[in-house]
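Listed next: structures, encoded as C-alpha cells.
Two complexes follow with chain A in common, the first pairing it with chain B and the second with chain C.
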Partner chain A sequence: MNAIKKYFFVAWIAMRSNLAYFSEVSGRLIFLGVVLFIFLRLWQVTFGENGAKTLGGLTLAQMLWYLTVTEAIILSSPPVARLVDQDVRTGALSVQLTRPLYYPFFCLFTNLGERFLRFFLNLAVGSVIAYIFVGPINFRADGLALFLLSVPLAFTLDFSVNFLIGLGAFWLEDTAGLTLIYSRILMIFGGMLIPIELFPEWLQPAVKWLPFSSVVYGPAHLFVKPDLAEFALLLLRQTSALLVIGIAVYWVFQTAMRRVFVNGG
Partner chain B sequence: MYKKLQSYFRLAGAYTVVGFKANLEYRGAFLSQMIAMFLNDSVWLVFWIIFFTRFPILKGWNVNDVITLWAVSAAGFGMAHACFGNAISLAGLITRGQLDNWLIYPRALLPHLLLGKVTATEWGDILFGYSAYLLLVHPSLSDFALFVFLTFAVAVLFLGFSILSGSLAFWLGNAENVCDQWRFAMITFSTYPASLFDGQAKLFLYTIIPAGFCSYFPVQALKENSLLYASYSMLGALAVFVLGVVAFYIGLRRYESGNMLEMRS
Partner chain C sequence: MNAVELDQLKKTFQVKQGSGFKRSSKEIVAVDGISLTVPAGQSVAFIGPNGAGKSTTIKMLTGILRPSSGSASVLGFNPWDQRSKLAFQMGVVFGQRSQLWYHLPPRDTFELLAKVYELPPADYKIRRDMLIERFKLSSFLNTPVRKLSLGQRMRAEIAASLLHKPKLVFLDEPTIGLDVIARQELRDLICEWNRDEGVTVFLTSHDAGDIESVAERVIVINHGQVVLDGSVGEMRRDYLSAKLLTVAFHDRPASFDVNGAKIIERTDHSCKLELDTSVSPVSVVVPQIMQLGEVADITIEDPPLEDVIAHIYSSKHSPQQRY
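Right, the complex of A and B next:
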C-alpha cells in the first residue's frame, strides 16, 4: 500500500508546486480567448454558409464546447519528453535512479499531478469564455462523470508516448523534433481542431482506432454528447493502446538502463 | 552611405554564414528541427484540406487560398526570424540586461543585435512556404515573382512586429509573457482566412494585431494578380517595422544595464 501511496504524494507535491505559477493563468486566458474566438468565427461562418443546425452531429454551441475541452486537454500537457531528455543528457537521471521510486512511475505521477491542475484551470477559463460566446449546453451529471472517468487514462496514454520519445535521448542527438511531430499528429488525428465525424468517411474508422483519438476526441466528445456505449468503447481503446505502449515503454526503459554508466565520487 | 550599407550587408552575410555553420555543428539536431517545423506546418495544411474537402467554400475562400495564406505566412515568418533570430527573444534580452553585450560594439545596435542568432526551425518554415506554394498551387512565373515579393513584405511585417512587441520590455519590465501572448495572437490570426472576421475584429487586424497585412492583402494580391494589394501589404509591413524601430530606440533610453557576468556564445 505504501508503495502506491508514495506515488500519490509525488502527484500531490507536483500539483502544489505548480500552484505557485498562478500568474500563468492570465496568459492562458488570452491564449484560450484568441483561439476560441477564431474557432467561434470559423464555425459560425461554416454553420451559416451551410444552413445547418448540426455538423458532425454537433450544434454550434456543442462544437465550441467540444473545442474548449480539446484545447484544455492539449494545453495542459507538461513537457514530459523534454524533461526526460534533459534528465538523460545532463546525467540527472543517475540521481533519480538512486531514489526509492521507479523512475517511469515517478515521472508519470509528477505528470498527472501537474496535468490535472493545469487541465482543470484551462477548463475553468475555457468554460467561462465558451459560456460568454455561446451560452451553456445541456450538461448531465452522469455525462460529466463518464467524461471525468475517461480523462486519467487519456493523460496516462499521452504521457506514455511522450515518455517513450524522451527516452529516445539515449540514442538520438535531439528529441525536440519528434516531440513536435507527435504533438501535431495528436492535434490533427486526435480531433483537436475538427471532430472526427467531419473527416472524410473512409478515414474515420482508422482515426477512431488510433491512440490519438483516445487522448483528445474521446473525452471531449463524451463531454458534449455523453453515451454509455461510447464510453465503454473508449475505455477498451484506451486500455488496449496503453497496454501496447506500456510494454514498449518497459522494454525501451530496460534497454536504456543497460546504457547508463555512472562515474561518481 | 552606400559604403556603410554595403558593410552592413557584408556583416549580415558573415553572421548568417557563421550562425549556419554553428547550427550545422549539430547536424542531426538542425535537420530534425527543420524537418519538424516543416511537418508542423504541413499538419495545419492537412487540417485545412480536410476542412475544405467537407466545406469547399468558406466566405469566398477555397483550399488554394488557404494554402497560399499558409505558404506566404510561413515563408515570411521564417525569413524574418531565420537570420534575425534574436528578434523573438528580444523581450527576454532586455529584461535580463543582456543588451550590454551588444552595446559595446561600434555597430548600430538593433540590426547587429537581431543578426546575432540563426534559428534552425525557421529554415523549415521557409522551405515549407516555398515548396507548398510551388507544389500545391502551381503558380505561373509572374505569380511566383509576386509571391516572392509578398514573402519579403510579410517578413518585414513579422520582424517589425517582433521588435515592437519585444520593446514592450523597456516599459513593462518582465514582458516575456505578454510579448509571447501578443505574438501568438498575431501568428494565429495570420493563419486563418481574413474573411472570417468583420466589424471591430477587422479593425483589430489592421491595428493592434496587424495580421491583416499578412492574411488579407497578400492572398488578394495573388488571387487577383494585383500590384495594388501587394503594395498595401508592403506599406502596412513597413509602417509596423518603422513603429517597431522607433519604439525600440525610444525604449532604449529607459534601458538599465545589467551586472550579470556571462559569455556571449
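Right, the complex of A and C next:
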C-alpha cells in the first residue's frame, strides 16, 4: 500500500513543480488558440466544398471539438525521452537508483502528474475557444466518464514508448531523432489532424489497431461520440499495446541496468 | 558489526577504441581487487585522484553497479542483489547533483522522501523538526530551492538524506563550491551526526580540510587499489617524513646553511627550512641552527595535508595508461 502511495505522491509533487513553468504553460495555450482557429477555417472550407453535413461521421462542430481534444493530448506531453536521455548521459540516473523507488515507475508518475495538469489546462482553454467558435455539442455525463477513463491508459502508453526511446541513450549517440519520428507518427497515425474515419478504407483497421490511435484518436473520438462498445474495444487495444510495450520496457531496462555506468561522476 | 565489508572487489569495463572497421575493444580495470572493512559508526574518507576508481567503488557499494568479481556486504546486504532493501537504510548525497526538487521548497522534498522511505507520519514529523533545528533550515524551509544559496541548499540536501535515519551515508564531495564558513558548518554537522547518532560516514572529497576535520580514517585508492589505509595522523607521519622549520633570529646571521635542510624562503632575519627527518632528524638540525645566531622564535610544523596527499598520489605504482 505504501509502495503505491509513494508513486501517487511523486505525481502530486511533479504536478506542483510544473506550476512553476507558468510562462511555458501560457505560451502553449496561445499556440493552442491559433491552431484551433486554423483548423476551424480549414474544416469550414472542406465541409463547404463538399456540401456535406458530416464527414467521417462528425459534424463541423464535432470535428472542431475532436481536434481540440487531440491537440490537448498532443500538446500536454512532457519531453520524457529527452529527460530520460539526460538522466542516462549525465549519470543523474545513479542518484535515482540509490532510493527505494523503481525508476520506470518514478518517471511514469512524474510524467502523469505533469501531463494531467497540462492536459486539463489545455482542455479547459481549448473548450472555451471551441465553444466560442462552434458552440456546444451533445455532452453526456456517462460519455465524459468513458472519455476520462480512457485517458490515463493513453498517457501511460505514450509514456512507455517515449521512455523506451529515452533508454536508447545507453546504446545510441542521440535519441532526439527517434523522438521526432515517433511524435510525427503519433500525429499522423494517431489521428491528430484528421480522424481515422477519413483515412483510406483499407488502411483504417490497421491504423486503429496500431498503438498510436489508442493514444490520440481513441479518447478524442469517445469525447465527441461516446459509445460503450467503442470504449470496450479501445480499452482492449490500450491494454494489449501496453502489455507488449510494458514487457519491452521491463526487458530493456533490465538489460540497460547491466550496462556500463561510466558516464559521469 | 561491520558496516562495510569488501573482499577482492574488482570491476573491469570494456571500452571501444578507434572508429569504423578498426574498432577494437579494450579492457580497463577500474577497481582492482579492493578489500577493506569499515566498522559501524566510523567516519571514513575515501580519497584518490580523478579516475582512481572511487566512483566505481561507491557505485558498487550502493548497488548500482555489479562487480566483475569479488564480494561485498553493506549493512549485511549484498548491495547489487538487495539494492532496494539496502536503499532504505542508506543515505546518499552527491555534491554535484541535487535530490531536492528545484522549483519547490525543501519542505516538499522532505514530504516526498517521507513517503518514499515509508516513514510513519508521526515519526517523520519529529525527525523533520529535529533536522530543521539542527541544520538551521527554518528560515528557508518554504523557499523554492532555486532561490537558495549553495550553502543553504547543501544543508537541506544533507538533512534530506538523514530523514530516514540511515545507518550509512555516502557523501560525495558535499562541500564542493561552498565558502569557508559554510564548509566548516557543514563539516561540524557531519561530525556531530557521526558522533551522536553513530551514523557510518563514507566521505569522498578533494578537500584536505574535509578529510582532516571529518574523517577518523583515510583510505587512499589509486589505480584501482588501496594504497594507504590509516588515520590522518598516521598518514602524515608515515608518508612524509618532511618537516617545515621556520626560524627567526634577533640579529642577522652570517648564513643559513644547515646540513640536511633545504632553504625554501629567506629574509634578513628569518628563514623557512624543509628537512627530511629520515636523513637529518630534528635533534640534529636544531642545535646547528642555534649556533647560527640568537634565535628569537622557532616553529616546527608538518607540511600541509594537501602536499601529503599530492605526494601519495604521485608516488607508488607507476601510472598505467588510463582512458
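Assume the second predicted complex is superposed on the first by the 259 of 265 C-alpha atoms of A that agree within 3 Å, B and C clash if a C-alpha of one lies under 4 Å from a C-alpha of the other, contacts with A are read in each partner's own complex, and residues count from 1 in each chain.
Everything below uses one rule, namely that contacts are C-beta pairs under 8 Å (C-beta built on N, C-alpha and C of every residue); 3 or more make two chains touch, one makes a residue touch a chain.
Since we're looking at a predicted model, the values are computed, not measured.
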Checklist entry - Is A:Ala206 touching the first partner chain B, the second partner chain C, both, or neither of them? => result neither
So in the superposed three-chain picture, is A:Asn50 touching just chain B, just chain C, both, or none of them (first/second/both/neither)?
first
**Asked** Counting only touches as set out at the top, which of chain B and chain C does A:Val34 meet: first, second, both, neither?
**Response** first
Original post:
A:Leu101 contacts which: chain B (first), chain C (second), both, neither?
Top reply: second
For A:Ile247, is the partner it touches chain B (first), chain C (second), both, or none of the two (neither)? neither
Q. Looking at the overlay, does A:Arg16 come into contact with chain B only (first), chain C only (second), both, or neither?
A. second
*Is A:Ile181 touching the first partner chain B, the second partner chain C, both, or neither of them?*
first
Notebook entry, point to check: Of the two partner chains, chain B (first) and chain C (second), which one does A:Asn2 touch, if any: first, second, both, or neither?
Noted result: second
Both partners, chain B and chain C, contact chain A at residues none
Listed in rising order, the residues of chain B that touch chain A in the complex are 26, 28-29, 32-33, 35-37, 39-40, 43, 46-47, 50-51, 53-55, 57-59, 177-178, 180-181, 184-185, 188-189, 192, 195-197, 201
Note: in the complex, chain C contacts chain A through residues 13-15, 55, 59, 62-66, 83-84, 87-88, 90, 92, 94, 96-97, 99, 101-104, 108-109, 111-112, 115-118, 144, 170, 172
Contacts from chain A onto chain C in the complex sit at residues 2-3, 5-6, 9-10, 13, 16-17, 20-21, 90-92, 94-95, 97-101, 258, 260-262, 265
Chain B partner, complex, touching residues on chain A are 23-24, 26-27, 30-31, 34-35, 37-38, 41-42, 45-46, 49-50, 172-174, 176-178, 180-181, 184-185, 187-188, 193-194, 198-200
